[in-house]
Structures are given as structure tokens and as C-alpha cells.
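In the two complexes below, chain A is the common chain; its partner is chain B in one and chain C in the other.
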Partner chain A sequence: MIEHLPVLLVVLPIVGGAIPLAASLVSDRAGWPVATLTLVGQTGLAGLLAWTVSSSGTVSYAVGGFAAPYGIELVVDGLSAAVALLVAVISLGVLAYARKAGPHSGPFYGLYLLLVAGLTGMTVTGDVFNLYVFLEITGLAAYGLVASGRDASAAVAALKYLIIGTVGASLYLLGVGYLLAATGTLNMADLATKLGEMAAYDSTLVLTAFGLMVGGLTVKVALFPLHTWQPDAYANAPDTVSAFISALVSTVSAYALARLLFSVFTVDFLTAVPVARWALVGLACVSIVAGSALAVSQDSVQRMLAYSSVSQFGLVVAGFAIATPLAVVGATVHLLGHAVMKGGLFAATGVIERKTGATTVNGYAGMGSRVPVSAFAFAVLSLAMVGVPPAVGFVGKWYIVLGAVNAENWPVVAVLLASTLLTLAYFARLVERLYFAEATIHSKPDEAPVTDGSGQAVSFGMIAVVVIAAALAVVLTAAVPTLEHVLRETLIPVLNQ
Partner chain B sequence: MSMLTAVPPVVVLLAVAIVVSQLPRRAGHAVGVLVPALAVLWAVMVPEGAHLQTQFLGFDAVLLNVDPFSRLMGIIFGLIAAVAVLYSYASEADTTQTGYALSYVATSFGAVFAGDWLTLIFFWELMAVTSTLLVWHYGGKAVRAGFRYALLHGLGGTLLMAAILRHYVEVETFLFASVPGGPETAGITSGLAAALAAIGIGVNVGFIGLHAWLPDTYPRPHIAASVFLCVFTTKTGVYGMYRAFPNGHEAIAYMGGGMAVFGALFALFQNDMRRLLSYHIQSQVGYMVAGVGIGSALSQAGAFAHVFNHILYKGLLFMTAGVVIYRTGTESLKKLGGLWREMPITAGAFSIAALSIAGFPGFNGFVSKGIIISGSHYTFGKGPLPLGEFYTLEWLLLLGGVGTFMSFIKFGYYAFFHGEYDGSVPDANRLQSVAMVSVAALCVIYGVYDTALFAILPFDVTSEAVVHHVYKTYTIPHLIEGVVLAVLGLIGFAVTKKPLSKLGRVPDIDSVYNPALFYGFRGLVVGVTELYAAVDRAVVQTTGIVTRTVTSPNDVIARLRDDDTLVHPMRAGIGLSILILAVFVTVALLALS
Partner chain C sequence: MFELLNSHYNYFAVMLLLGIGLYMLIESRNLVKKVIGMNIFQTGIFLFFITLAFRTGGNPPIIKEGGGPYVSPLPHVLILTAIVVGVSLTAVALALIIRIYTEYGTLDEDKLKQLYYD
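Then we have the complex of A and B:
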């Protein structure tokens, strides 16, 4: 059983996802329990896998018994185990939110579980083409989820997401083709050894493959200037979906980018082709600054949070591109921490909107007393995102900055430090509005307009999700040493080889 | 003896210049005549090889260096300075101007008695400053001319400075070869340093193209100031040229020949008396530059003999022109005439000076010009264009002589002998007459008793051991040559008199570069000003934005706000997003490969 864990992680949500679709012919209410059941199992499996990896190192699995490099190999090391566990936990948590917030349809939960399957698949796969397949599964499920909002704007946002996302995925596929042409293999570990041997790192073929694959994934990660789909998708999707995809989709794409850097192209490539490293670092820095600047200029809180992601993923990618052990640990911590914090923030905006109708920065004025618990959670999550110790946001940034200092990459250090100020610029404004400004919205909650129309009430589960996210944002700091240990055992050797 | 070498003359003379400017007019000028006269005595007496070594800006420097070259310069500088101060007093110059003039004399002494390049350039630049002050003191049109003069000399001095620095890099000392501790070879290092030095000194001696300051500046200030100006700057330049190129240089020799012809030609076109004389400075300095450039002992002795004689007759010429202006208030030859009846002493002095400068037998110019021409024939190559017996440089110099005769016949004819002068003017006053007659006497004495001149030359031109070809002034062919040149000059003047009288102002090189410089600088200034204004505006605006952002951040944020309900210009549509993606990937791929 243990050796089948990686593939079970992918199979379980696919099978689970088929049930609500079929059950919806009979009852719309079957979706949630099935999904919950599936994801509880998924979380258990992911936890077990993570425990296995942390105790006995990297796990690999040949799908269908076809041995690598010809068969599809699933490889789970510390980084992928952590991300897989994150996917399982957050998708289970968001279900608690969705119980009341909806949408309440069978197909919704089908897509939801399919997205979980796609994300998990991207996380555990050790094959670049298989990664593409799961990338598309993730994408298609995400497009469908964004479109599940009842507004026309949700449909438009989903269409935009679909077109841009598909072009991005196609670029990635093109890059995979170039790699296959260069080496004749698709297996990541095999590619890592053959690149450099069969095709020089600075050959046009390899460089083109790198450019196309990284470019394609950059669309999915939503770094500036390829982020344009993301604010629309996050802001126009139903709150459940916003919380879910903002927490996970970009996160897993960033994970895939890191996987590509470390396990396919390897650090040797970055050393041999400094321009590639500089291009990535430069892109990340531009993203940090531009994302923050755009976030400051937003009126809608959800759009602001979306642009914040553009900036935060710049930070993560910068950490991965610097590629020193410290920076990689920092980027991983920030990747996971950001997922929890950003998901919690989006969930909180949903709660606040339902209770008060406030969706804009000015609308948030004086809401600290109207929705004390959610507002407090929102404030805690905001400060965690800014990087106030002891929150996990601080630890991640701290490690990345240390890594950049170790690498003596001073421009990046400057941008990283400035990014804290920039993040403060927009989150401090929100916190100030919440607690220190006169209220601008006085209508009663039940009269408040709700945009996605999927119910106005706020359940205990919804608030619990927000509160737990806020708590996790602080508590996760305690888990950092464990994570660092696992990463040092499984991933760092890959960096130093 | 130690008294003579205790202090360099420049120190004493500078102190005297200050004293003169503060004293009453009569007493000041008396001191001003006496001290340069004593300086002549000092220059004669001071022992050869005397040195005054010191540290200057942390480098070895020699403030006093006496050899035959600097001694000759000292004698003639002191002589003419004494006469010129007397003339200044007679011509109603104030003590401030004479003080400036004496400071100019003092710095010239500093330059010619310098024993190293650093001291030389130091006094060289100070000469530019003091002479500019002398020009400016007159006010009016002299001020703008003084600016142009200062600019060009600043440029020349900078080039010479660059040459000296380059030279220092090569030999690691500023000292001249002749002083103890100096380098092995005399002169400036060849190559870039030599080229820079030639051009930098070329400004001072009036190389063709770099000469326009001469006729531009010298006619403008006070008549007595012109007497000083015509002496020191160009002759110190010749001296510097010798120090930089003690073995000569072919290009410099031909430049000298060209200057002799060019200056004489342009002098012919002039009607302003002092402007005409200024072109003749260029022409005469051309002979000296040619002598230095030829590089033989004979020609260099000739060059310095010509420096000596030229200072006498050119000072005299400026004095006579000054007297004419002083009495008639007119500068233009076209408005003068018949003055020989009114001012016979001046006319007589002018005739002697004119015959001297033209090189007529019996006058000092005949002696020294003869040495140089002899040097150009016997100690220099045939050159690219020899005409029969005459070598290229030789006939250039002879042609310059014809031009000199022509233009001085013109000067004399129009000023003194042509027609009648309307009205009556007095002749030169008593002291002016004393000054002019004494210099005129010297012109004749050194012409007739040429051995007196030979005695002070750095090389004995009559000794076969010293020079390649022994020079004898009064030989039949040389006399014939002098007379033939005069006759040719007469014929030439008679032929060209009519066309020349119809000629308007002939533009010189400065009519090109003055406007070019003016508009160039104006463009530069306007550009710099506008740039400054633009930067200023940008800074003020930025400051305003920052101030607004700090004082009322909410307004700024409200202005930037991305309103959710509107189609925002910064929100990219699907098409634009795809375009951005395509461009991004293209750029990335191009950057990577």
C-alpha cells in the first residue's frame, strides 16, 4: 500500500470526482459529502506520504510497472510531499467554506475534485510530458470553476483565463518537444543527466526549450507582465473558488517551475547560462515591484489581493532562481505560507462581503467592529503577509533575503527589502481602514448586495476556515524546521550535485 | 656677484610694477624707466650659467637660468621696456596702465629666465593674464578683443601645458637640459608632446590660422600699450619655440616662411595703421620662426639677432604710428597724408624703422634678416619648390621682404608723403621724440656696426668654428639683394596701388572662427541653460508629487484608483494579453540565445 501512495493520491480525487457528477442526476446535495469524504482520505494519504518521505527519503513509483525512463515515473521528495499535503489540506479546508457558500451543484464538486487531482498530479509527477497533462487538467478544471459564478463577468474572466492559460500551456508543450528532440527522453531525472551531456547547456535547442517552458509556466504562475488573466479570474469567481485557486493554482505552477529548474535543467544550467538566471531574477524583481504598485492602485479588495499575488510570487521565483539552499528553503516556506495566507484572505473577503456588503478598500472602513472575528483574522493574515514576525510570511522572506545575501546578489536584496515596504503600503491601508476609519457602509447585512448570489448567510464553517488560516499563518512557523530538515535531506542534495 | 643672482628679476620687476602703479605719474614713470634700464645692466653683467634652484609645487624648479639666449632676451626686453615707459609718460598713459605694462614686462623676464618648463609655463600663463589686463584697461572695443585674446592664449597655454606634462611623463623632470640635473637631450620630447608644444607656442608666435588675435588685439588699446604688446608675447614665443625645438623642425621652418609671406600680404590689404603693423609682426616673427626651425647655429643666431632688431624697429614703428594717432586722432591711412611737413621727426623716425624692417642696407633689419636667409640657403634643404638658385624657404623669405617693402612704402606714402594734410598738427612732443630718436639711432647703429650685434648673439656667426657658413653682412651680392628687393617693392607698390586703394576690408581667418565660436558657444550656453531649466522643472515637479504624496496620500491613491466598475486603461484585454505573452516569450528567447 505504502509504495502505491503517490499514484493513489492522483487516482482518489479522480474517482471521487466522477461520483458527484453521476450523483447529480439524482440529487444536488450529494456533492459535498462525497467531496469531503474523498478529501479526508486524500489528506490522510498525503499526510502518510509526507511522513514516509520525511522518515525514509524520496519515494518513486513507476506507473503501470513500466520502468523509467520509458514509463511514467512519479517522484515524491520533500518539496513535492509538502506541496501535495498543502493541496489536500487546503482543498479540505475550502470545502468547509463551500458547505454554505456554494455553489451547490454536483458538477461543481466534480470539477473541484478534478482540480485537486490535477494539482496533485503536477506535484508528484517525475515526467515533463505528464506534467503537461496534469497542467491541462488543472487548467480546464480551474476555467470551469471560475465560470461557475453566475455573473457574466465570471464567464468573461473564465474565457480570458482559458485562452491565455491554454496558450501558456501550449508554449510549455512546445518546450517539452524541444527537450525531447534534444535528448530523446521525457523523464525528469533522465533529462537532468542527459542535458549537458547530449546537448550543451548553451545550445540554442536547450535554451529555446528553457525559454518556452519557463515562459509557459510563468503565465500559470502569473508573474508580471503575464498576470493579466489573474485579477479578473480571482475577483470574478465565486468566493469559494477564489479562495481555492488563489491558494493553490499559482502555487503548484510555481512548484512546477522550481521542479523544472532543479530537477530538469539543474543548477549547473543556471551556472553555465548566467543570462537565464539573471532573466529569471530580473523578471521576479520586476514582478515584485510592479505587482505591489498595481496592488496599491486598486479599489477592489479582491483585485488588490490578486495583484498582491503577482508580487509575492515574484518573491518566490526570485528565491528559486537564486538557488542557494537557504534561498530555496525560504522560497518553499513562502510558497506554502503564501497559499495559506492568500486563501485565508480571499475567504475573509467573502465573509466580510456577505456580512456587510463591503468589497472596496473604502467600503472596509470601520468594519473592524461590524465583523470583529473576520476582520481580526484579516488583519492578522495581512500582517503575516507583510512579514511581521513570528508569522510564516516573515520566515520565508527572511530566508530568501539571507540566501540572496549569501549569493551576494545585492540588487535583489534591495528589491526584496523594498518589497516588504511595498507590501506594507497596501495592507497597512486596509488595516487602517478596518480599524481606524469612519464606516462608509451602514446598511444591514441582509440588505447587502451579494454579487455571486450563492447564498448570503455566513456559516460557522466559513468563519472557522478564516480563523484557522490566520492561526496557521502564525503556527506554521513552528513547522519550518521540520520542512527545512526534509528539504535538506531530499532536495538540497539535488542542488549541490 | 651673489647680489646679481640672489633674486630672479621677475620678483624685483613685479614689485616695481606695483610701486609704479601707486606712485604719482611723474615719479612712477621715472622709476619705470630707471628699473628696466638697470635690468639691462643686470642682464649684461649677470654671469653665464647662474642658477637659482628651488622647489615649486613640489618639483625641482629653476627660477633663474642665464645662458646667451636668455641674456639676449633680457637685454632687449629691458631696453625696450625703459623706452616704452618713457613713451607712455609722454603719451599721457596713467600709472595703472604702466603698472600693468611693467607686470607684463616682469612676467616676460620670468619666462625667458626660467630654467625649467614648469616655471616657463607658469610665467607664460601669467603673461597672458597681464597682457590681457593691459588691453582691458583701455576699455571700449579693447575689452571684447581682450576676451578673444585671452581665450586664444588660454587655449594655447593649455596645449603647451599638455605638451609639458607629456614631456614630464617621458623624462620625469621639468628641468631644461642645460641646468644641473636636467635630462640628457634638450628640447621637448618628440611625438605627441612636440606636436602639442608646436601648436601651443604657435598661438603665441602667430602661426597661420592661429594668428588672428594679433591684428584683432594690438590696434585696439592705448597707443603706448601697443608698444609693449608688440614686443613681449611673440618674442617670448620665439624664445619658447627655440627651447622646445633646439634642433629645429622642417615643418616649423616652412611655417615661418609661410608666415613671412602671409603676414606681409595681409598687411598690404590694411588701412588701419596699427593693424597693418600687427600683420607685420606675424610676417617678421615668421623669419624668426624659420630661423629656429632651420635649426642650424647660423639660422638660430639669425633668429635671435632678428628678435633683437625687430623689437627695436617694431617698437619704433608702433611709437610713430602712436604719435600720428596721438596728434591727429585718426587710425586710417585713407584719412591721412602729407604729414611729413607737419611732423618731420616722426616721419624721419618712421623712415628709419621702415627701412630697417624692410631690410634695406645700412639698417639693422638688413643684418639679421640676411643671417636667416643665408641660413635658409646654406644650412637648409632645397625644399619641394626650388626656383633656380633660390631654395624654397629662401625665396619665401625674400618674397616676404618684397611684401614688406611694398606695405611700408604704402604706409609711408599714405601717411607722410601723399598729398597735403588739411590743417596743422604739431610734431611728437619732446619726450616722445627722445624715445623715438634714441631707438631710431640704435636701428642705424646696429645696422652699420654689425659687430656690436654679433657680440651678443648666442653663436658667433663670424667664426668658422661655430657656424657652417661664415656670415658677412656687407658683401656685393647681399647689397644688390637688398636694393633689388627695395626696387621690386617700389615697382610692386606702383602696380598695385590702384587696385589696393579700391580694396575693402579683406576678411581674415577670424571672420570664420569668431562667428563659429560665438554661435557655437551660444548654442552650448543655451543648451546648458535649457537643460538646467528642464532638470529644474523635473525636480520641482517630482518634489511637488512627493510632497503631495506625503501630505495627502489619499488624494493620490484616489487618482490612481482602478475603479472596478469602469473599463480601466491599465486592464489588458484577451488580445492584448496574448500579444504581451507572445512578445514576452520572443524577447526571452532572443535574450537567451
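Then we have the complex of A and C:
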């Protein structure tokens, strides 16, 4: 039983996801309880796996008993265990939000669990083609979820997401083809040894493969200028879905990018081909600056948060591309922290919109007194994202900057420090409106609060999710030393130092 | 040049399909044609994998049929999976297009943009 943990983590949500889909023929009410039960199990399994990895090291599993490199191998090390646990915990948390807010249908929960399966699969796989399959499962489920809103604009956003996302995944697949041509294998560990031996790092074949695979994944991560699907998808999807996919989909894609860098191409490749590293660092820096600039100019709060993701993922990718242990730990901490913070921020925008009807930066004026709890949580999460010290956003950025300083990569240090100011520029503006501006949206006490016409109420669970996310954004800092310890054990062999 | 074309015509076909597909995907204003372009682009990738597997004088990869060298069976299996993925993507895309058409009454990207941002 225990040795089958990695594969169970993928199988459980797929099986669980089929139940609400089948049950929806009879009733839509089975969806939520089944999803909750499945994800409680999923969280337990992910926790057990993380504990196994932290106590006895990397776990690998040959699917169907076919040994690697011929069969598909699942590999769980410190990094993937942490991401798998994050996926399970956040998807369980967002369910508490979905109970009241979400689309209430069986197929919705079916897709929801399918997305969890895809994300977990991307996390645990040790095979580049298997990663493509899970990337597409994740994509398909995400397109469906974005379109699950009642508004037809959600379908337009989902189609845009689908077309751009498919091109990204297809480019990745083409890159896999080049790697297969170069080495004849698809297993990540096997590729890592054969690249460089069978095909020189700076051969055209390997460089093309790197460009295509990294290019494809950066579409999914939504780095500038490949981010164009993201703001529409996040802003038009139902609130539950925005919170869920903004927290996890790009996060796991960025994890896959890191896996590709360290477990397939390895740091030796980055050292041997400095232009690859510079291209990636350059892309990340452009993304940081452009994402922030676009975020500042947005009027809609959800679109602002979406552009903020473009910028924050620039930070994460810069940390991975610098590839010193310190920077990689920082990038991982920021990756996990960003998931909690961004998911919480989107959940908070949903609560504030339902209670007051405010969706724009100007509309948020004076809301600090109207929705005190959610507004406070929103402010805490914003400041955590900026990187105010006790919060987890600070630790991640600090490590990335230290890593860049150690690598003596001064232009990157400058961009990283400037990015904090830019982040402050768009979040401070919002926090200032929340607390120090005259309200622009008024509703008289005897009137029902303005909602967008649908009269949706806010449940205790929705507010609890927002508050817990805000608390986690601060408390997670305490977990950083443990994470750092686990990561260092896994990363040191990978990073060759 | 002509010799290269003769010996590597399959790779030229791959590039042609990728190019046509990507061009259609970007340039066509009709949403259905965009999806067709996406399919052609993916077909280019499928052909690339299949053409990788070929080796001159290779036998079908079945042990019984008189010994090696065999063509590589792996890319065929991979593409079988990728085709399934492609079909599901097309299905989802068409479902979304039907929804968009019933709501906005147009498949033209430019007209849709006007309606969408109003």
C-alpha cells in the first residue's frame, strides 16, 4: 500500500472525479461531498508521502511494474512532495469556498478533481512525455473550469486560453521529439545522464529542444509576452475557479519548468550554454517589469492581480534560472507562498464583490469599514505579496536576492529590488483606497447590499478561506527552515554543489 | 538543394504543416478555422514523431517477423496518446465555439472583440 503512494495520488482524484460526473445524471448534490471526501483523502496521502520523503529520501515508483528507463517512472523528491502537498491542501481549501460560491453542478466537481489529478501528475512524474500528457489534462480541465461561468464572456476567455495553451503544450511536445531524437529516451534521470554524453550541450538539436520545451512551458506559466490568455481567463472565470487556477495552474507549470531545468537539462547545461541561462533570466526580468507596469495601469482588481502573477512568476523563474541553492530555495518558497497569497487574494475579491459590488480599484474606496474582515485579510495578503518582513513573501524574495548577489548577477539584483517597489506601487494604491478614501459605492442601510444582480450571499466558509489564507501568508514563514532543510537535501545532488 | 529535398522530404512536410497550421491559427479571423489551424499544427508534430521512428530497412517491431533492425515503436505509441489529446482538445474547442455562437451570433474574431469589450 505505502509503496503505491505516488500513483495513488494521481488515481484517487481521477476516480473521485468520475463519481460526481456519473451522479449528476441523477442529482447534482453529490458533487461537493464526494469532492471533499476525495480531497481529504488526497491531502492525507500527500502528507504521508511528504513525511516519507522527508524521513527516508526520494521515492520512485515504476508504473505497471515496467522498470525505468523503458517504463514510466514516478519520482517524488523534496520539491515535488512540497508541491503535491500544496496542490492537495489548496484544492481542499478552495472547496470550502466553492460550497456556497461555486457553480453547483456535478460536472463542475468532476472537472475540479480532474484538474487536481492533472496537477498532481505533473508534480510526481519522472518522464517528459508523461509530463506532456498531464500538462494537457491540466489544460483541458482548466479550460472547462474557466468556461463554467454563466456569462458567455467566460467561453471567449476559455477559447483564447485553449488556443494559446495548446500551442504552448504543442511546442513542448515538439521539444520532447527533439530530445527523443537526440538521446532515444524519455525518462528524466536517463535524459540527464545521456544529454551531454550522446549529444553535446551546445549542439543545435539540444538547444532547439531546450528552446521549444522552455518556450512551451513559459506559455503555461504566463511569462510576458506569452501571458495574454491569463488576465481574461482569471477575470471572467467564476470566483471559485479564479482562486483555484490562479493559485495552482501556473504554479505547477513553473514547478515543471524547474524540474526540466534541474532534472533533465541539469545545471551543467546552464553552465555550458550561458546564452540559455541569460535568455531565461532576461525573459524573467522583462516579465517582472512588464507585469508590474501592466498591473499598475489596470482598473479591474482581478485583472490587476492577474498581471501581478505575471510579475511574480518572473521572480520565481529568475530564481530558478540563477540556479544557486539559495536562489532555488527562495524561488520555491516564493512559488509556494505566491500560490497561497494569490489564491487568497482572488477569494477575497470574490467576497468583496458579492458583499458590496465593488470590482474596480476605485470601487474599493472606503470598503475597509464596509467589509472589515475581508478587507483586512486583503490588505494583509497584499502586504505579504509586496514582501513586508514577517510574511512568507519576504522570505522568498530575500533568498532570491541573496542568491543573485552570491552569483554576482547585479542586473538581476537591481530588477529584483525594483520589482518590490513596483509591487508596492500597485498594492499600496489598493490598500490606500480601502482604508483612506471616501467611498464611491454607496448603499443605504435599509437597502440590500449591491450585488451584481444575482443576490449571491457570502458564507462563513468563504470568509474563513480568505482569513486562513491571510494567516498562512504570515505563519508559513515558520515552516521555511523545514522546507529549506528538505530542499537542500534533495537539491544539493541536483545542483552539483 | 534538390537532393536534400529528395532525401528529407518528410521533414519539409513537417515544416510545411507546422507553418500552415500556425499561420492559420494566427491569421484567420474565423474561430472554427483557427481550430482547424491548431489541428494542422498538431498534425505536423505527429508527422515529426512518426518520421523519427523510421529507419531504412527496418522491420515492423514484432519479434516474430525475422529479426532486426526494427523501426522504433515508441514514437507510434506516443503519438497515439497525443492524437487522443488532440481530439479531446478539438472537442472542447468546438463546444466553446458553439456556446460563443449561440450567445454572440458570430464566429468572426474582430466582431466578437467589439461585442466582447462592450
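FYI, the second predicted complex is superposed on the first by the 484 of 497 C-alpha atoms of A that agree within 3 Å, B and C clash if a C-alpha of one lies under 4 Å from a C-alpha of the other, contacts with A are read in each partner's own complex, and residues count from 1 in each chain.
As a working rule, a residue touches a chain if its C-beta (ideal position, glycine included) is under 8 Å from a C-beta of that chain, and two chains touch if they have at least 3 such contacts.
Remember, it's a predicted structure, so these values are computed and weren't measured experimentally.
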Original post:
So, does A:G144 touch the first partner chain B, the second partner chain C, both, or neither?
Top reply: second
**OP:** Would you mind checking which one, chain B or chain C, touches more residues on chain A?
**Re:** B
**OP:** Answer with first, second, both or neither: which of chain B and chain C does A:L179 touch in the superposed model?
**Re:** neither
Original post:
What is the contact status of A:V317 with respect to chain B (first) and chain C (second): first, second, both, or neither?
Top reply: neither
**OP:** Quick one: classify A:V167 as touching chain B (first), chain C (second), both or neither.
**Re:** both
**OP:** Check the residue A:L159 against both partner chains and state whether it touches chain B (first), chain C (second), both, or neither.
**Re:** both
**OP:** Could you look at A:L92 and tell me whether it touches chain B, chain C, both or neither (first, second, both, neither)?
**Re:** neither
Subject >> Shared chain A surface residues [contacts with chain B and with chain C] >> reply: 159, 163, 167
**OP:** Give every residue of chain A touching chain C within the complex, in rising order.
**Re:** 129, 132-133, 136, 139-140, 143-144, 147, 152-153, 155-156, 158-159, 162-163, 166-167, 170, 173-174, 177, 180-181, 184, 186
Subject >> Contact set on chain C toward chain A in their complex >> reply: 18, 22, 25, 31, 34-35, 38, 41-42, 45, 48-49, 52, 72, 74-75, 78, 81-82, 85, 88-89, 92-93, 96-97, 99-100, 103-104, 112, 116
**OP:** Mind listing the chain A positions that touch chain B in their complex?
**Re:** 159-160, 163-164, 167-168, 171, 204, 207-208, 210-212, 214-215, 218-219, 225-226, 228-229, 231-232, 235, 273, 275-276, 279, 294, 296-300, 303, 359-360, 429
**OP:** Show which residues of chain B lie in contact with chain A when the two form their complex.
**Re:** 557, 560-564, 570-574, 576-578, 580-581, 584-585, 588-589, 591-593
